[in-house]
Amino acid sequence: MEDGGQGQADAEVRERIEASFARQGLMRHLGARLTRVAPGCVHIALAARPEVTQQHGYVHAGATSAIADSAGGFAALTLFPPDAEVLTVEYKINMMAPATGDHVEAVGKVLKSGRTLTICRLEVFGIQDGQRSLVSAGQQTLFRIAATG
Amino acid sequence: MEDGGQGQADAEVRERIEASFARQGLMRHLGARLTRVAPGCVHIALAARPEVTQQHGYVHAGATSAIADSAGGFAALTLFPPDAEVLTVEYKINMMAPATGDHVEAVGKVLKSGRTLTICRLEVFGIQDGQRSLVSAGQQTLFRIAATG
Amino acid sequence: MEDGGQGQADAEVRERIEASFARQGLMRHLGARLTRVAPGCVHIALAARPEVTQQHGYVHAGATSAIADSAGGFAALTLFPPDAEVLTVEYKINMMAPATGDHVEAVGKVLKSGRTLTICRLEVFGIQDGQRSLVSAGQQTLFRIAATG
Amino acid sequence: MEDGGQGQADAEVRERIEASFARQGLMRHLGARLTRVAPGCVHIALAARPEVTQQHGYVHAGATSAIADSAGGFAALTLFPPDAEVLTVEYKINMMAPATGDHVEAVGKVLKSGRTLTICRLEVFGIQDGQRSLVSAGQQTLFRIAATG
């Protein structure tokens, strides 16, 4: 599971994740894009526009965390049946380097998918001219609920 | 310290925090407002607009976490000398209830202010018609650096 | 709930917590003692013997965390019906000062008690000649399960 | 760095880590053993004796966390010069499965080694008849200090 998602998720899963992503006003408002949907692994990218920076001009920890939290949630969702949804219970994230680069990309990977709880590893990379460097790393706990209609 | 900040911070501190807040593109983009600056305690409010929601229509955990992270950072900054700045090392946050209400308010409070590291408690309340309920709680580690010009 | 447990829990709850505590080999091995059982709030004390120190002679973060984790778990258990048990999902803890003193005391307090998940605040105090100082602070997520016999 | 420590650390580093481990009363009291010292990666094993269990007979989260915390601290220390020491700032750990097996082994790996702060990934495996399964995963922040004599 950990190196999970070499390939792409099947069409039903991708459609389900894309539809859920499209309903997240925050992701759209930040300008985030879903860049990979694989079983147990989802990537979300965010361009480093002024709208998402902190006071030193780097991407704000709140923005990198928001896409990391979403990437983990969607990674969990890829392994659920169609009638289930996901809520974040909690996450912890370390900001290890300034989030520099022309864009950042969050990677959420499922470490453990249980009946009720899912645990994900979260990573955010700063990307400049194709060079990736790890800027944040974290861990997240998610709760599976029945879909609400 | 924990119940810190009954009053308001003095004018120099308030101006410094407001200037730093104004430089955070993300806070402006989300529509966040600095609602209280007291010594060791800062509040940031955010209206529950569609731009900051997740797929169920509640305020996105990424948005509540972003204002919580900023509130903690500014709370640390209120206790620093004017020539110091602050970086988030890490935080952990539990989403305890859906972030409902017409707005949410994050409260960052300094638990321990050391020479290099500051530890803050983070809380986010959902507020509807003046009724407050705790929706998120967390803890944050911050790093003090010399100002960069 | 947060300032919970002014009084003592009733006799049924205290007996249940004490019986569970007595089954924890680690608590006995460390020399930990249950010092307060109130609704939603449990205290556990640990004498600063050489058996629980780290390389600088302070109480080891692993020992302070172990009693903090247990205090939170038992605090959750005080609010459960007799046929339920508790498992730690995760916790996060900051070591804010060296754990000095002739003993340390962990305080677990329930912040939110839900149907499946409970969130606790964890604090550990170093105590020397009756003087208390906060040495660690954290937050914990717990899972309620049906008793196993 | 992440897959760091394929080999063994050099003799000076191993001696330094072993001497520091030997001064940790808690590790000795729990019966923990240093099983690998590689650059940026340290393993600590613990036999599943009754002295380290919780109320259901599994290894107590406090014991698995204690060896995980120590493994991370020593992993950081392998990359420091001889005159530096390490303190845990904070850690977060998820208990993903009951810590079953005849022994558990914690693995601390450095994700980022900075001038002041080091970030480690923590994992604990339950091991039964040579079969390993991941029981806990976490992340830790450490602080580098000058040695005290």
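By written order: A, B, C and D. Residues from 1 in each chain.
Convention: a contact is a pair of C-beta atoms (placed from the backbone, for glycine too) under 8 Å apart; a residue touches a chain by one contact, two chains touch by 3 or more.
Keep in mind that what you see is a predicted model, and the values were worked out from it rather than measured.
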**Study point:** Listed chain pair B-C, B-D or C-D that repeats interface A-B [over half of contact pairs the same by residue number]
**Key:** C-D
Review point. Based on the averaged CA atom positions, which chain is farthest from chain B?
Key: D
Check your understanding: chain B and chain C are the same sequence; what rotation (0 to 180°, nearest 5) superposes their CA atoms?
Key -> 180
Exercise for review: Between A-D and A-C, name the chain pair that shares the greater number of C-beta pairs in contact.
Suggested key: A-D
Review point. Measuring from the mean C-alpha position of chain A to the mean C-alpha position of chain D, what distance in angstrom results?
Key: 28
Exercise for review: Indicate the whole-number Å distance between the mean C-alpha point of chain A and the mean C-alpha point of chain C.
Suggested key: 33
Check your understanding: Going by the touch rule set out above, which residues of chain A reach two or more other chains?
Key -> 89-90, 92, 94, 138-139, 141
Exercise for review: Under the touch definition given earlier, write down the residues of chain B that touch chain C in their complex.
Suggested key: 92, 94, 96-97, 111-112, 114, 119, 121, 134, 137-139, 141
Review point. Which of the residues in chain D come into contact with chain C in the complex?
Key: 20-21, 23-30, 49-56, 60-63, 65-67, 69-70, 85, 87-95, 138, 148
**Study point:** Of all residues in chain A, those that touch chain C in their complex
**Key:** 89-90, 92, 116-117, 139, 141, 143
